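One structure, pasted below without further comment.
Which chain is which? They are A, B, C and D, in the order written, and residues in each are numbered from 1.
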């Protein structure tokens, strides 16, 4: 339920009301909007007499949130969530440009690419240290060593770091080095992992699953928010269809849909979304034109020798040219890189 | 096979060579590129001794076209096909903006909308007179009366006309009034209809089927080109996936893919591609950013009373604002409205 | 609307009531069930005052049919439709076994296969004379010559004939030779063709489209029934998914769903449904176990040299063994071959 | 690579050869077939000189396994894997019938259902104690308490137990009570979890993901086998398509495909595969007719009050009748319940 307090109630009163609701066994979350305290009371709480609650003197209104994702919805929070990571304010007028290699492979690679993407305008460095691979016999990532390299390369160029976490037991380790914890498409409904990152103090980048509906994707975000971590960035990365020419089918319809349903920022991964280097720039432009809050792009200076996903990585020069195009398109929507 | 003639061969020789190839039972099509005659020889012709043909003195080379769609491919014709309809050159640097109601409903409606879309910058008026409807009990269109209205409304505002043809027996009738014959998504593999429009003297707008791969879509275009009509405009309008929030899933990945594989122009229908009015503009912008050659958009001045597809039709003012945004995005790709 | 007449009304009265309903601009269809006349009144008919109609003395009840497919639904007709073709009663306790080559290729082929499938227990011979082919350069079928061969081969072995019709202009020709007119998956929403076969005097086999929902499939059947032809056989033949190992994904869930929603018989095509010879028998068995009313199977005595679909055609011996297995499975459901 | 040893080599020699291959950094697995030792050598091992290995005196042949799933393939192991759990030999001529409630809800529920399914012919009791739920606010299962109840109820009726494990940290706990560890569809590509159950001493039931290709499913099984646990049971439970009438689209094509590609047993879950009680029996019959090695079915004595999935649970009487039908169908394939 969404409980709106009367304007001007004191902090003490607001806190007291939240406590009273919690005593019903509900979990209570708070967001402020337009000078008003909004409490989202979620959980089973079947026994609450809401008509009674409605009569409490400090309460303006109590309404049902008519979607299954409660804390994620614009009903609960009408204004956009903005998540600050280093120089970047994700979800603001400034677009979030994240770029880097698929996997961290070594010091020279990490520093070379970090420098290139920083010069082009990226503010977050991406790179995998733990890699979910279809085959158990493929390169599985450098692990903690990779995280250290990523952190050092990012720091050298003033970038933030986003890196994937595959397992509840990795969360605290990855959080030590990365600024944003990525939950991959294959783990979008790994609820134990969602609960764990829901308790982390770092923002979470939640990729959409290959066959996830938009509603399921938002429900997975709800799992994270329900644990107390409200800093979730959604990432569309392509769904699976019958088309075989491209690796996935990028569903850009999802961008305006998510922006309407939720206050969370949503970015696009055109690298996995197409799987083909010379299609990435077109879809990156399209993503921004559709209203995405940013991009996460694979960039590699020597993609032919990349240990993973070389075929879909941009050369640094291509990435640089792309950011230039993005700048103009962003202006159409009143945004900037 | 692609047969390249030596530069400088006379017209008579070129014609003679085409005739000799036809005597093998092949169908021979011609395109000129860079001052060179290129002959596409298609059909079964299993018995042709191509090593022999390769030695004919006027022939520079003979090569296999390594894709199943032959005349449609960039191997056969490296340069973009440009199709002129009234003031519009579809496939050129100028974007083709087609707009109008889903169905023609009456004189006032047709003229009002034609005027509005013309003022906003459209050059082609869309409108259905024969409607493919899931239910036999729904409005099936005004038929020839609708075509007449559409023609008059378009003429009054200097627009071309595109309208759907559902049946081989309708082709000559629709061609009498429309400048472009539309083949709908449900008929993309209606091969009798493709053959018939392949003999028409009018350009054909070929919508992608709901479950068609890009290759199948191009193969359907090949059916048309193989009959002699090279004026085909492809139109992405969304595919069917598991997502239920939007009517269809617009596959914009298909735009850069088609532009690489084929010389034919490709446009996008964001109205059917989303099915939701307030998502249309975002996806129209994204389409142009992805490199589409134009748009076909449903516009209605009174969508709440439209006889079909009101929920996805833009108001004229929304369409006008959209064209303004498109103009800036087009400039990023060196194009214009 | 479903209008139930009181038991015992005379034929004259029933005819008179139908006429009165038709005067409202409705189309009226009739089915009798349990000694009661049921009138299905379909069409736009927005102006009818049904509360008034409900008071007519001969009328027992008037109820809305709560699905978009009206005449196709079990609400309109509670009992199974049974369609007689030669020795076969499709939709009865006896399973309908249709078999034969993908394409008719010549006299020897047609007669050899007809003999083999008849001996194994088939009662209907399948075979294409007009073939919808993805490529315009593939074998397109023998046309009328093929129909003649098919008819003669079937007659020689006491079989009925089912063959595909691709175009409104072919309907009367195919109906001259075939007992059942097949509408292919690609034409499931070719509404002009549906209307035309809706006026034919022959049963229609309506294949499900590759991306058609069950509701759309039933709506396409409704197009046929609404024109007066109530003899429609539905055929599940696989839908398109992301799976590439099999040609299509056979959706057997559709069998019990269709049997509940509709009174029309539904059969399965495991040949197109899998696309792989050594998977056909398993899925044919599964189809019958799921409750299908029959099968349509591709059989060829020399599949390596078939002009189409050889890879999914059974050898006659395999087909013979399959029918034996089917017999036992059918007995579990109280049915027989 | 598949390394076949000469017949008659001693155990000591076989062990020695495996050790020599391991020294190349490979992981070596062994299966015996037809009196011959077969070694599957997997891993990166790029540097191995296989032509040299081929000349070792005890080696009959070395061949590349031409599929990405190595230990899972029939090339590595030609004979069927049979997994013994209590009275049940999964993958043998005897079908494995697993049944029980979606979630364990309490003592009376667990014992009532266990008794009913045991009487009907089931040998394994299913039941969830940890439930992956789309909503964080839904019932999440009874946890260890549920496992204890399940174990006691199963023991009371001579049944084995299968229960889901959602997280690496739950594996040892669930393994204490269950005979088979279930990895759910949403976790099919949770590689950390696959690795963990790959080290467990219990068989694993691996459900197919909603958008997983057959190859990806087998690759996930390969993750488990590569860790040393060869006891994997595959379970088809429906994929996601555009169809909305049924909860999922059961892909029975997958059954004969998997039986050809792999030696692992494969069963079907018709409850999740349809999501509709009165469609479950039809699809259960179809599964066995298609060649599945067994079923896992949701059964509940009071489904209207079930805490999860009541709408797709069979009543005990329905389950009993179903097992009777299965018996006859199984006989067609030379199998028995």
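As a working rule, contacts are C-beta pairs under 8 Å (C-beta built on N, C-alpha and C of every residue); 3 or more make two chains touch, one makes a residue touch a chain.
Bear in mind that the values here come from a model prediction, so they are computed numbers and not experimental data.
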Inset, instruction - Identify the chain pair with more contacting C-beta pairs: A-D or A-C. - result: A-D
Legend entry - Interchain centroid distance [CA atoms averaged], subunit A/subunit C, Å: 49
Legend entry - subunit B-subunit C separation of Cα centroids, rounded to whole Å: 34
Legend entry - Geometric centre distance via CA averages, subunit D-subunit A, whole Å: 34
Inset, instruction - Could you list which residues of subunit A touch at least two other chains? - result: 211, 239-242, 244
Inset, instruction - Have a look at which chains touch which and call the overall pattern line, ring, star, complete or other. - result: complete
Legend entry - Of all residues in subunit D, those that touch subunit C in their complex: 211, 213-215, 239, 241-246, 249-257, 260, 273-274, 276, 278-279, 282-283, 285-291, 325, 328-329, 331-332
Inset, instruction - State the interface residues of subunit B toward subunit D in the complex, per the touch definition above. - result: 240-242, 244
Inset, instruction - Would you mind writing out the residues of subunit A in touch with subunit D in their complex? - result: 42-44, 68, 70, 132-137, 166-170, 186-187, 189-193, 195, 209-211, 216, 219, 222-223, 226-227, 239-240
